[in-house]
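Below are two complexes that have chain A in common, paired first with chain B and then with chain C.
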Partner chain A sequence: MATRTLRVDAIARVEGEGALDLDIRDGRVASARLRIFEPPRFFEAILRGRGHEEAPDIAARICGICPIAYQMSAVHAIEQAFGARVEGPLRQLRRLIYCGEWIESHALHIVLLHAPDFLGFEDGIRMARDHGDRVRAGLALKKAGNEIMRVLGGREIHPVNVRPGGFHRVPTRAELEPLATQLVEARAHAVDLLRWVATFPFPEFERDYEFVGLRHPDEYPFNEGRLVSNRGIDIDIADFDREFEERQVEYSTALQAVTRRGGAYLVGPLARYALNFDRLPASIQDLSRDCGLGPVCRNPFRSIIVRSIEAVYACEEALRIIQDYEPPELAAVPLTPRAGTGYGCTEAPRGICWHRYEFEADGTIRAARIVPPTSQNQASIEADMAAIATSLLDRPDEILRERCEQGIRNHDPCISCATHFLTLNVHRK
Partner chain B sequence: MIRIEHSVGIIGIGNPDRGDDGIGLRVVADLAARLPQRCKVMACSGDVLSLVNEWRHWDAVVCVDAAEPDGRPGRIRRFDLAVTRLPVLRSSVSSHAVGLSEAIALAKALHCLPPRVIVYAVEGSQFGLGAGLSPKVERAIARVAARVDEDIRLLASGSSDHHNEFLHESLQR
Partner chain C sequence: MRNRPHLAVWKFASCDGCQLSLLDCEDELLALTEAIEIAHFTEATRTSLPGPYDLSLVEGSITTPVDAERILEVRRQSKVLVTIGACATAGGIQALRNAGNMQDIVAAVYPSPQYIRALATSTPISAHVPVDFELRGCPINKAQLLEVISAFLAGRKPVIPSYSVCIECKRRSNVCVMVQGIPCLGPITHAGCGAICPAYRRGCYGCFGPMESPNAAGLTREWQARGASSLQIKRVLRSFNAAAEAFQAESLKHGD
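Take a look at the complex of A and B:
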C-alpha cells in the first residue's frame, strides 16, 4: 500500500496556531485534518457569573482583529433578552463601526496575507519590494478602517466604547466628518486593489458549498437578519440548534459546526456575497461584473476578489452613514434586566459569529455559548484540502503543501477565535 | 544654537493601560515640551502598521518601545538601524498583530523608511491591565528621555554618531 503523509506543522499567515495533516493512501486522499492545537481559552466559562454590562468587553478579547463582531453579537443578544430595540442613529453607528472592522480586517488579509500566494512571494514584506504601490494602498485602506475604530470605538484595537443599548459616548458630526475625506480616498484604494486582485492567476477549482449567512430584507448584512443558506435553511437566529450542531473532534481544540442535514457548510465573504448579491448597491454589482464575478463565486481562491468587493462596499456604506448622521439624544437605550435567554448573530469579516446567553433576573450571565466563524468553517476547509489534494495527487509534496496552505488562507481563518473547549480526563489509580 | 536642517519624528509606542508597555508614551510625553523646530512627538497605542506610510514624511525617526522581559527590567537598549538590524523584540505567532520590527521591515521594502531610524527598547517586567510602570522602568524614563533628546538634537542638525549601546549598567547605579 503506497502511503504519503503530508504535515504542515505551523500554518503561516493565519491568526493562531494550527496545523494540517493529510493522508494519501493508494492514490486517494484518505483524510485531511485541520489540527487546531492552540490552547483552550475558556471564554464561555469566564463570562458565567459576570454582569451583562461586562459581556461585550470580555467577548471582544476573543479576537484582536474582529472584536466588534464579538461585541455586536453580545449586545444584540443582551438587548433581545431584555426586550430592547436599538434603532435610528445608534443602529447606524453600529453599522459604521462594523464597516471599520471589515475594512481593516479585509485590507490586511487582501494585501499582506493573501496576495503573496498568487504572486509567488513568501510574505507581504517581500512582495512589497515589487508591488509597493498596492501595499501602500492596502495600508492606507486599513488605516481608514482603524480611524473609524478609533473615533467611534475609542481606540483602534479592542475598542471600548460599545455597550449594551448603544455606546458610552456618541460622536458629534464634526468628529465624523474628517473620516469622510479619508474614506473617499480609501474607496479609491479599495477599487484599485479590487482591479489588481482580479488579474491574479487563479486555479480552476470550485466546490459546491452550502453557503450560510445572514440575510436582511434591505441591507447587505452586518448586524441583523435571518440565518439562511443556499440549500433551504431560513431560520430565526434563535433556532440555530435546530439546523446546526457543534461536535468535538479529537485532534482539535476547536469545536466543529456542521448542519444537522448534511455536514460541512461555509460562512464568510463567499457565503455572504452569494446569499446577498442583490443587496449590494448597483454600482458595486457593476464593479463585480467588471472584475469577472457573477452573483455567486464557488472558487475559494477567488475569495480575495470578494473580500475586495466587500471592502469597497464597507467604504461606501461608511460614507453614506457619515453623510446622513444626526447624533441621537441618548448614547444608549436604557435597559431593564430580566431573566431570560438572548441570541445574537452578526457578520464578522470571516462569517457569522453566533452567541447565546442566559441571564438571571438581575442581568447576571448564567450561561454563555459562542460559535465563532472559523469553527464553522473547519469542516469545509478540510473538504477543500481533500479536494485540492485530490486534484494534485501526481504533483510533488512541496507543491501540494503550498497549495493546501494557500487553500487554508483562502478562508482567512482565525484559529485563536475558534479555539474553544477541551475535555479534561483525569485518571487516578 | 543648533542649526535645524532635518525633521525628526519621535514615536512612543505602547498601551498606557498595560503596565510597562506604557514606557514609550511616557518618554515622548516627557520630551514634548522641549523639542527643537521641525520635530514632533507622536503616540502609537494601536496598529504600528499605520506608521509605515507616515515615516516617509520625516528625515529621521526615533521610536521608543517596551521590550519583553529578559530578567533585567529597566534595561535600555538603543538600536541605530544605520548600522544594525532590529531584532524581533516580541515573539508572536500572530499574523494580525504586527510588531515594530515587521513594520520597519515593511517600511524599508516600501522605501518609506527615513535614512536615519533609532529605536530605544526598554525592558519591562509586568504588563498587567491598569498597572502603572514598575519602579525600575519608571526610573528609566528620565535617562531614556535624556538620550533621545541628545539624538533628536544631533539628528535635527543633520549629524549623529552611529552606535548601539547597552545602558543597563549605568541604570543599575
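Take a look at the complex of A and C:
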C-alpha cells in the first residue's frame, strides 16, 4: 500500500499558528504530529528581574483570548509566596471576572470557531447567512462576558484592574447591577445554544483520557483547588513537578507536558466537567442530562456541548455573585514582599494554567515558569489525530483532513499561549 | 466578480488579542462582513482567498527569519497595509530581548536552545516594509479599529488623535492620579484607550506607546519629585512599547 502524507498547513479557527502532519504507511497511521510555528516570545525570561506587581500585566500578554487566566494564576502565586490570602468579596470578584472570560471565550469557540464544523461552513460569518439567529445569540452571549471584563477590568482584552492582593478599584453595587440584566438574557441565549448544539451530528468517537483539572471542596473550580485526575492524581498545586513533566519531543521541538508515568493527559472543559460534575448545581446537571450528556463525556467532538453547559453555569454564577455582592472596605489586601516561591494554578477556559515564581526579598522576580493549557493538551491532541485517522483510513484525503482539523478544534487550542513552542525541526525516516 | 473590498488579517509574533478585537465587535461584525469580504483571517475562517488584498491588518512583530520573508510577501499582496497593536507598531513586549543576551534568554525558557531559530531582535513591521498606518495599543481599541477600516475603505485618513492620555482623562472627568501621588505615564502616552487606568485609580502604564513629541524627561522628573526610584521608572518605560524610541531613550537615562 502506498504511503500517504497528509498535511494541514495552517489550522484555521484556532488561536495562534500551527499545522498538522499525518503519516500513513502500509495501511496504518505511523505518526500524527502537531507542528507549531508560533514564534517564541520568551515570557519566562522577560519576567526575570521585573517587580512582582508587574507580573499580572506582563503575563496577560501571553494570550489575548484568556488574559484573566494568566493574571489570576500570577496573583495567586504572588500571594502564596508572600503569605497573603484574598477572601470574601475580593475573592468573589475574581470569580466574577473569570466567569466573564469563560463566557466570552466559550461563546467565541462555540459559535464562531466550532459550530461551523458540524454544519459544513467555512466559518461563523458564512454560517450566519443560514443561522443568523444562532450567531447573533452567540455574539450577544460573548458580549455579556466581555461586558463583565470591561466593567470589572476596564477593558475586554488585557484588563487593567487586577493586581496582586485584589484590584486597583472595586466596583460599586450600582456599577454591577446593569450586568445582571444582560446576564439574564445571556443565560437564556446560552441555554438556547446548548439545546441547539446538542442536536449536531456527532461522530461516534470516544477516547479513554486521563482528565486533569482542579477540584475544590465545594465549588466548580476557577481559581483554587487540588490538582486531580480520574486516574488517582490528587496533589497540591505546588507538587505539579512530582506528577507531571515537560519534555521535548524529537520531531516537533515543542515541549509537551505528560504525566510522570509517561502518559498524555487532557485539560479543559471535558476534564473539568468529568472531575467536577457533582459540583455543578442540580439545575445544571439536569440540563446536561436533558441534552443527553452523562456525568462524563469522552467524545471530544461533543466538547461543544460541555462548553455550552459551562457557559450557562458561568452566567448563573456571575448572577449569583452580583446579587450577593457587598463592596469590601479595601480594594486590595496589603502585601509585604519576601523571598520565596509561590505557585498559582487556575482554570483557563482551555484548562489549567500553572505558574511558579521565585522572588527576591524585595519582591523582584528571580525565576518564572508557566505551563499553559495547550502545551499540556498537545500529546492528547496528537493521540486524537491518530485515532481519528485510524477510523477513517479508507476515506479520501479531504474527508480525513477536515475531520482532523475539526479534531484539533475540539480542544480549542490556544497556540499563542504555549510560550514553550519552538521552531519546527522535522525528522523523517 | 469582486464587488466587496477584500480584507486580510495577518499574524506575526503576538498574543492574538488585537485580531480578536475584530471578533469582539459583536454588534458590528455581521454588518462589517456585508461591506467587506474577509479574504484571509486564519483565526476566524478556513477560507483563504488569493491576493491582492485591498486592506491588510498586520498583528505582531518580526522575530524569526521566516517571518522577515513573509512580511515582504504580505506587503506585495496588499494595497493598504495597517499595523494593529504594540507588537506590530513597536516590537511589543518581546522587544525587551533586544537589549539582552539572546543565549541567556533562550536558555531561561528552553532546555535545548539549539532548536530555537529566532532572531536576536523583535522589530516592528515598519522596520521591514512601508506601512500605511499604525494603530497603537496593547491591545488596540476596537472602536478605533472600526474607524481605521471604515476610513481606508472610504479612501480617507482615519481620525485617530495623537494627543496624550491626559486629554481623555479630562474628558472622562477622572481625578488626576498624579495629584493623588500615583505615578502615571498618561502625560506622555498616546491616547486611544479612553484613560482606563486612571479611571480605575492606577497610573497609566503606557500600553499605547509614546504620544507625538512627548516630554519624557519632564515627566520622569515629576515622578522622581514624588519619590519614584530609577528602577521604577526604568521598569514602567520598558514594557509593551519598550522599543518605541521616546520610551527607550528615556529609560536608558535611568539605567541599562
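One rule holds for everything that comes next: the second predicted complex is superposed on the first by the 412 of 429 C-alpha atoms of A that agree within 3 Å, B and C clash if a C-alpha of one lies under 4 Å from a C-alpha of the other, contacts with A are read in each partner's own complex, and residues count from 1 in each chain.
Here is the rule we use: a contact is a pair of C-beta atoms (placed from the backbone, for glycine too) under 8 Å apart; a residue touches a chain by one contact, two chains touch by 3 or more.
Bear in mind that the values here come from a model prediction, so they are computed numbers and not experimental data.
Asks: Identify whether chain B and chain C fit side by side or clash on chain A in the overlaid structures.
Replies: On the shared chain A, the partners clash.
Asks: Quick one: classify A:57 as touching chain B (first), chain C (second), both or neither.
Replies: Only chain C is touched by A:57; chain B is not.
Asks: Based on the superposed arrangement, let me know which partner A:124 touches: chain B (first), chain C (second), both, or neither?
Replies: Both chain B and chain C are touched by A:124.
Asks: By the touch definition at the top of the document, which applies to A:44: first (chain B), second (chain C), both, or neither?
Replies: Second partner only, chain C.
Asks: Taking the superposition on A as described, I'd like to know which of chain B and chain C A:173 touches: first, second, both or neither.
Replies: neither
Asks: For A:28 in the superposed arrangement: first (chain B), second (chain C), both or neither?
Replies: neither
Asks: Have a look at where A:395 lands relative to chain B and chain C in the superposition and call it first, second, both or neither.
Replies: After superposing on A, A:395 lies clear of both chain B and chain C.
Asks: Spot which of chain B and chain C makes contact with more residues of chain A, would you?
Replies: C
Asks: Looking at the overlay, does A:242 come into contact with chain B only (first), chain C only (second), both, or neither?
Replies: Neither: A:242 stays clear of chain B and chain C.
Asks: Between chain B (first) and chain C (second), which, if any, makes contact with A:161: first, second, both or neither?
Replies: second
Asks: Choose the clashing stretch of chain C with respect to chain B from the list 61-69, 97-105, 115-123 or 151-159.
Replies: Residues of chain C that run into chain B: 151-159.
Asks: Let me check the overlay on chain A: which residues of chain A are in contact with chain B and also with chain C?
Replies: Residues 10, 12-17, 64-65, 104, 108, 113, 124-126, 128, 132, 135-136, 139-140, 142-143, 146, 155-157, 414, 416, which sit in both footprints.
Asks: For chain A, which residues are in contact with chain C within the complex?
Replies: 10-17, 37-46, 48, 50-51, 54, 57-58, 61-65, 67, 104, 108, 112-113, 122-126, 128, 132, 135-136, 139-140, 142-143, 146, 154-158, 160-161, 163, 167-169, 248, 253, 255, 331, 367, 405, 414, 416, 419-420, 422-423, 425
Asks: So in the complex, which bits of chain A are touching chain B?
Replies: 10, 12-17, 64-65, 104, 108, 113, 124-126, 128-129, 132, 135-136, 139-140, 142-143, 146, 150, 155-157, 414, 416
Asks: Please output the residues of chain C touching chain A within their complex, sorted ascending.
Replies: Residues in contact with chain A: 11-21, 23-24, 26-27, 29-30, 33, 38, 42-48, 60, 63-64, 66-67, 92-94, 96-97, 100, 104-106, 108-112, 115-118, 122, 138-139, 193, 196-197, 199-202, 205, 207, 232, 235, 239-240.
Asks: Can you tell me which positions in chain B touch chain A when the two form their complex?
Replies: Chain B residues touching chain A: 45-47, 49-50, 52-53, 93-97, 102, 105-106, 109-112.
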